[in-house]
Amino acid sequence: MQDSAFLGMSDRLRILRQSRFGAFAPVLFALAAIWGYFGLALPLWDYLTTPEAQNLRLIFLSPRNIYNLFMQSAVIATLAVGITVVLLLGDIDLSAAATAGVCAALLGVLVLAGLPGWAACVIVIAVGAVMGAAQGMLIAYVGIPSFVVTLAGLLGFQGLMQKILPTGNLNIDDPFLRGISRILVPDMLGLAIAALIVAGMIALSLRRQHRRREAGLEQDSPIAVWGQIAMVATLLFGAVLTLNAYRSVPLLILLLVAITAALGWVTTSTPFGRSIFAVGGNAESARRVGMNVRRIRVAAFAIVGIMAAVGGIFGASRYGSVSYTAFAGGSLLLESIGAAVIGGTSLFGGRGSVWNAILGALVIGSLGNGLDLSGASAADKLMFSGAILLLAVALDAVSRPAGQGR
Amino acid sequence: MQDSAFLGMSDRLRILRQSRFGAFAPVLFALAAIWGYFGLALPLWDYLTTPEAQNLRLIFLSPRNIYNLFMQSAVIATLAVGITVVLLLGDIDLSAAATAGVCAALLGVLVLAGLPGWAACVIVIAVGAVMGAAQGMLIAYVGIPSFVVTLAGLLGFQGLMQKILPTGNLNIDDPFLRGISRILVPDMLGLAIAALIVAGMIALSLRRQHRRREAGLEQDSPIAVWGQIAMVATLLFGAVLTLNAYRSVPLLILLLVAITAALGWVTTSTPFGRSIFAVGGNAESARRVGMNVRRIRVAAFAIVGIMAAVGGIFGASRYGSVSYTAFAGGSLLLESIGAAVIGGTSLFGGRGSVWNAILGALVIGSLGNGLDLSGASAADKLMFSGAILLLAVALDAVSRPAGQGR
Amino acid sequence: MMTASTTTAGHQAPPTAPPTGAGDRAHLRVSGIHKHFGGVHALRGVDFEVARGEVMALVGDNGAGKSTLMKVLAGAHVADAGTFHLDGQQVHVGGPKDAAALGIQIVYQDLALCENLDVAANLSLGAEPVRPGFGFLPRLLRPIDDLRMEVKAKRAIDQLQVRTLKSVRAQVGGLSGGQRQAIAIARAVGADSSVVMLDEPTAALGVAQTRQVLNVVKRLRETGHAVIYISHNMRDIFEVSDRICVLRHGANVATWRTQDTTPDEIVVAMTRGLEKEVGRAG
Amino acid sequence: MMTASTTTAGHQAPPTAPPTGAGDRAHLRVSGIHKHFGGVHALRGVDFEVARGEVMALVGDNGAGKSTLMKVLAGAHVADAGTFHLDGQQVHVGGPKDAAALGIQIVYQDLALCENLDVAANLSLGAEPVRPGFGFLPRLLRPIDDLRMEVKAKRAIDQLQVRTLKSVRAQVGGLSGGQRQAIAIARAVGADSSVVMLDEPTAALGVAQTRQVLNVVKRLRETGHAVIYISHNMRDIFEVSDRICVLRHGANVATWRTQDTTPDEIVVAMTRGLEKEVGRAG
Amino acid sequence: QDMVALLLPENVNPRWEQQDAAAFVARMKEIAPDVSVEVFNANNDSSVQQRQAEQALTQGARVLVVTPIDGDSSAIIADLAAEEGVPTIAYDRMINSANTKFWVQADMFATGAAQAQHVIDNTADGDTLVMLKGSPTDPNAAVIADGQMSVLQPLFDSGARKLGYENWTPGWDPAIARRSMDQALTQLNNDLQGVVSSNDGNAGAAIEAMEEQGMAGTVPVSGLDCTVQAQQLMLLGKQTQCGWRPLHEMGGAAAEVAVRLMNEQDYSDLATATVTNGVGATVNFVPVDSYSAVGAEGVAYVIENDPSVSRDMVCQGEAAKTDFCAD
């Protein structure tokens, strides 16, 4: 396709970054920078400057803390994955965190009323879908900008949550619900699943390469294919082994990954997903080729609603309670949109990936987690988290081969 | 230019809406709907349903409450006006409220240290400009999305505010500063200023029509010209007379209007303002015609910084104190972006107006004000405010003549 | 050359071509189409028709309303007034989906591509082939058969001889003007249809590619399609068209059989209208 | 027809036109221009020049690299390698502003208009006239003289005879393809400049408007401008150009004096390169 | 090295960082110099507080001292800690968990009653009052309100006082209190004679709203915490009362308990009583005193008794010009 002789290092880098696999690069880079800072640089600095320190305590990178980090980021990640879908359309959802709150509150009330946990989950997921779809309809059919509709949703759902939870909070003891965050996947099963996934990827890639050759299509470069597999395998086994080293993979994390995989597949490999990207890239073009732009928009908002409900369930399970401040009142809203954007999803639509949202959520989660370990004052923590976030993202931007800017 | 014979009512409406004057329509409509609800529908309902009610109490529309409403919305409006400028570029600023907080805190510390009020104001405005410009540089020159930079700014500035205000809050007694919200423009002076503005508008319009005729250019339709003047005159005299009926026009409101007028003029009538719209409409085109897109971006963020500082000063003056929650911790961030968007400014850039941001701020302010008067529970208030906001905006969307959607 | 009937042209009913090409044979026929954009009256009661196995050229000055008429036919704009007939049956076209369902395909002047998607995706946009064996899923959620998509795209591009476009996995955002246009053409002519409308399809194309497009148009005619061809290039028009319809200021001027007219006559009709008009415009 | 020197063409140094048109006379000359987009090598050491009072045509197949070369000359793209000379002086073009300062004006193939602004604003974009008497303000903050802007726009549009465009206060987003192109052309030719580059300026224009543009090009030549004209229309090219430069796959094929060549020869050079290439491609 | 974590709820009220944490850290230094203290602040977000508890436990905290944001959902913190064998002390605000070991607090019911009583004492029959209540999720806020109502309800019932307006203040946010007060003034057309405010933040907001009406200093306004800002307003006569607790003793007591728990020593001398919390668990209670400070005299008392407040801190700005500061 091109004369590789002419390709410099920076070109190669640029090509790599343009590949599907390369889209992970910036956020992985940011994550690595933050982990390096909290996990290595900071303890080393402590060790060198505090003469009485006996040894380098790498708490941040300890399996236990990584376990915490995953669990702490899970709700943000769940919402961010959902929000990514509407961001792909060029829309925004400010109400996702409040929707999660309403769903969690409803969940609490339902199990309190004696409903079995699984039934309550099914109901709140349906409710979440309806809440999302209702907003989607206002956006798609009435034509109000999504920012305004979901801002109204944010207010309304915050109120609704308070209505459902008059005392502001409710404890959740249902064993099924608590189990979601408590049940651990046996060590061996976790490894087996990871192995299965990697083996599946390899098989699919080989079959694909074979079929492409048969169809006379250009081959994917082996470096890209094997690089991608190697990366996934490293991340996957790294995560499973680390989690196993502390406890095991929690069911909640497994569920999150499974849901994200499903949504990732839908967004990249089905006509529906293609139409989401098309609408985000050029809504008028999508309309003109006969896509039902309105229905797509409603469906996307229904998906955020579902993901918000799932986030609500995860949160209720993990917090052991439903409280107004954990969902609607807090910073969840900005953090989950931030996670999606840090993951590289454009606010203008048409570019992004649900997987990156999970990495973005880890970036956001790591800031809070790492700073809490650092023992700084509240003010310093906030200032640091701003600075570190900026640095981590800027490092990537600066390292990017020069182009025509943004 | 066109055969008017063919124009139906809906066409006329559509043309009107496309005019400069017509851009106000949606948000004025929303505002009228909300005022009608709180001011007329609700009291009437109370009157009809509560047999013992002695008389219809139109508190919401009382001069006193309108005065409150203006003052309550002033800080939101100031920030929204600034945020509109970056929204026009297609960027967003999540840090404006936190910048206002830092500036207010600094202001408090400076006057406490004995600096005269005016000098402290000058300093914090400069600081605000630098804070905004610094973020703008990261966005323009390093190429990090504005959402991420200003999210980091939000965190960092919240921390900074806590650093400056270790005690969480600080009283402001400086007479100069307190004066900004306390000094009232004498009744007659207020009316004189309003009359002057209207007279100026008429003179400029006449001169403009005359010069256009001379240059052989198409004339503005007299209906549009006089309609616009009539609208401005009504709003202006209405506001001044209402405020005079309670007390008088507060200096703060006069300042806000003056600053907005200046910014409105800059954004619509100077090469700089034109370039903001051009960048927002098509950044690549703007770059190709030789505009310095980066510098424009930095300047726009400096403007938000300045407006945030002014908002901080207004807030400090009105609250008589600086507290963490009034700025950084509260809902000011979403409310001020919401005000800009409700005002009709597009998140995608290139479309909007600073004046509309003020109306948007009044919409947001009216929700809180009206619901507080209604005596509903906190939960109901939130739910109502969501619903009312939605309804007010949807009314306009539905009343819009059918087109090709958004 | 002007016959008596043509003197009634202008904003009134247009002189249609001789009866042989008239109503009964028409596959797609619209009449009395009006379209306003705010204060601009872009179409003023336009009548238009095309038969199967015929290439109908639509010409007119810049801003005459050609693209607007095409968009109305394709459902991208909804007409303010006017009727649609397909094979004599009145039909309703409320959106692009309706038009596509009626077998109407179009190359828009502004191409209507998604820059964030690759060539293959753009070529199948809205009609992605799905893998067999997933019948239990709703169509929109079945896996896309991307191999088939790429093969199809490759073949379509090759046919138009755009040799510089090497990979169908290149993002459309980075393509040259001609490469993009080729993709838009390939998308429209590749789909099942009975009416194909091309709005200045060769504006950005090179000499060889233009030739291919003209060949494609001829092939479409041979296979019984109704083809509408918009262009400012008189040579191309006289090469491929059977009839030529001239629009001016959003209204019909007249329709000629290509063999009965000359480029000069058409250009005059486009720019100055027919006799009466000439007098007026003078 | 091919001379001995042309056998060295292809990716090597191109055969330039006879010495009379060579280096010393050139107003703008670039050499060794390379440009990559990711893995695509769009320009491979291109040399190009144009003299004052000359119309240099740039032709090539779709995707040959014409627009990319123009963008490099206009500063919209920064070349990976290559040198710029203006009147024999080496100059640096780091962005569109630099190019504009050197007197280079361009009509981009994709027009580069702002759809949210009106016609008058687009015509003065980046060079808004300001009212006199505000010298105390920085230029960017002086009041725009919108009357002057509108008058200027009206005149420019009238010159191109786009009669359907009635108001210069119409938003560009609602204009027809040809109307837009006219605006882009008017903007470029209306500015002070010594080099004017037009990238397929008549692609969307009607017959009359095309004629006006060709006249404008000729007038620019007469007034001592260096003009670069890209088009796929051989007739237009042979009508206005003095020399023709052929690009193929991002490299020079050759440059001819228009009077020494024929459309057919150019088409062959564009699509198949020179003799040696033909053999290779065959 | 052993560590003890102090988890604070928010930074709306200056007391947490300024007084409670300072006192806790200082006492820890005295009695257990080689135990380190980590202070966290959750900014009114209960999921953040849970995260901070986890991080503290990861770092090896031996005791958690927690002021929850809301009383019920904070149970998970005590439960998590208990799973690791780490005891939890509820500081100022109760944690409704079976695993809450201790509670350190003054009698908030009495404090609320004192606030109301002060306002009653300074108003007359037929006067109209405004109530600015606390954060709905803070268990203290409800107790304070109950205390206030214990005094007010009979008077409201008898018509001796009228309740003109009341509102909760989520997160104890003064900005919300300000808007409530503006609305109260508008609705009552300034016809109000007393403000029963549940803490100083709300009082300051109310005073500012009245300032705009030229009413500041004409009606009694209650408060809680006696922040420096509130004391200044008291000297200026704009706020008239604040409930004060010896925060240094509260912080100190929490430190004592923490060290005893860590060393598994007997603590019966510290916990002189027990209370039953929201989930029916019996919690060791460490009571502290409270005092109702009124006017300049009250300010003098607070300066005298609160080591974290000095006369110089109070005598700043406008307040410096008052008689109190002049002598």
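Labels A, B, C, D and E are assigned to the chains in the order they are written; within every chain, residues are numbered from 1.
Following the convention adopted for this analysis, contacts are C-beta pairs under 8 Å (C-beta built on N, C-alpha and C of every residue); 3 or more make two chains touch, one makes a residue touch a chain.
Because the structure is predicted, anything quoted here is derived from the model rather than measured.
Participant: Of all chains present, which has the mean Cα position farthest from that of subunit D?
Facilitator: Relative to subunit D, the chain whose C-alpha centre sits farthest away is E.
Participant: Which chain pair racks up the highest number of C-beta contacts?
Facilitator: Top-ranked chain pair by contact count is A-B.
Participant: Going by average Cα coordinates, which chain is farthest removed from subunit C?
Facilitator: Following the centroid criterion, the farthest chain would be E.
Participant: Using CA atom averages as chain centres, what separation in Å is found between subunit A and subunit E?
Facilitator: Inter-chain centre distance comes to 38 Å.
Participant: Quick one: report the Å distance separating subunit A from subunit B, using the average Cα coordinate of each chain.
Facilitator: Inter-chain centre distance comes to 34 Å.
Participant: Measuring from the mean C-alpha position of subunit C to the mean C-alpha position of subunit E, what distance in angstrom results?
Facilitator: 75
Participant: Go ahead and note the Å separation of the Cα centroids belonging to subunit B and subunit C.
Facilitator: Centre separation, subunit B to subunit C: 47 Å.
Participant: Could you list which residues of subunit E touch at least two other chains?
Facilitator: Expected reply: 11, 17, 43-44, 136, 170-171.
Participant: Using the touch definition from the top, which residues of subunit A touch two or more other chains?
Facilitator: If we look for residues of subunit A contacting two or more partner chains, we find 1-2, 378.
Participant: Would you please write down the residue numbers of subunit D that are in contact with two or more other chains?
Facilitator: 38, 40
Participant: Can you tell me which positions in subunit D touch subunit B when the two form their complex?
Facilitator: Going through subunit D, the ones touching subunit B are 74, 76, 95-97, 99-100, 108, 112-117, 121, 125-128, 130, 139-144, 146-147, 150-151, 154, 166-167, 169, 187.
Participant: Taking the complex as given, what residues does subunit B use to touch subunit D?
Facilitator: Those residues of subunit B that touch subunit D are 1-2, 211-212, 215-218, 266, 269-272, 274-275, 277-278, 280-282, 284-292, 350-351.
Participant: Provide the residue numbers of subunit B that touch subunit A in the complex, in ascending order.
Facilitator: So the residues of subunit B in touch with subunit A come to 90, 92, 94, 138, 142-145, 147-149, 151-160, 162-163, 166, 294, 334, 337-338, 341-342, 346-348, 378-387, 389-390, 393-394, 397-398, 400, 405-406.
Participant: Subunit C touches which residues of subunit D in the complex?
Facilitator: Those in contact with subunit C are residues 37-38, 40, 60-64, 67-68, 109-110, 162-165, 170, 174-179, 182, 200, 203-210, 232-234, 249, 267, 270-271.
Participant: How about subunit E: which of its residues touch subunit B in the complex?
Facilitator: These residues of subunit E touch subunit B: 11-14, 17-18, 43-44, 136, 167-168, 170-171, 173-176, 178-180, 182-183, 186-187, 189, 201, 204-205, 207-208, 211-212, 227-229, 232-233, 316-318.
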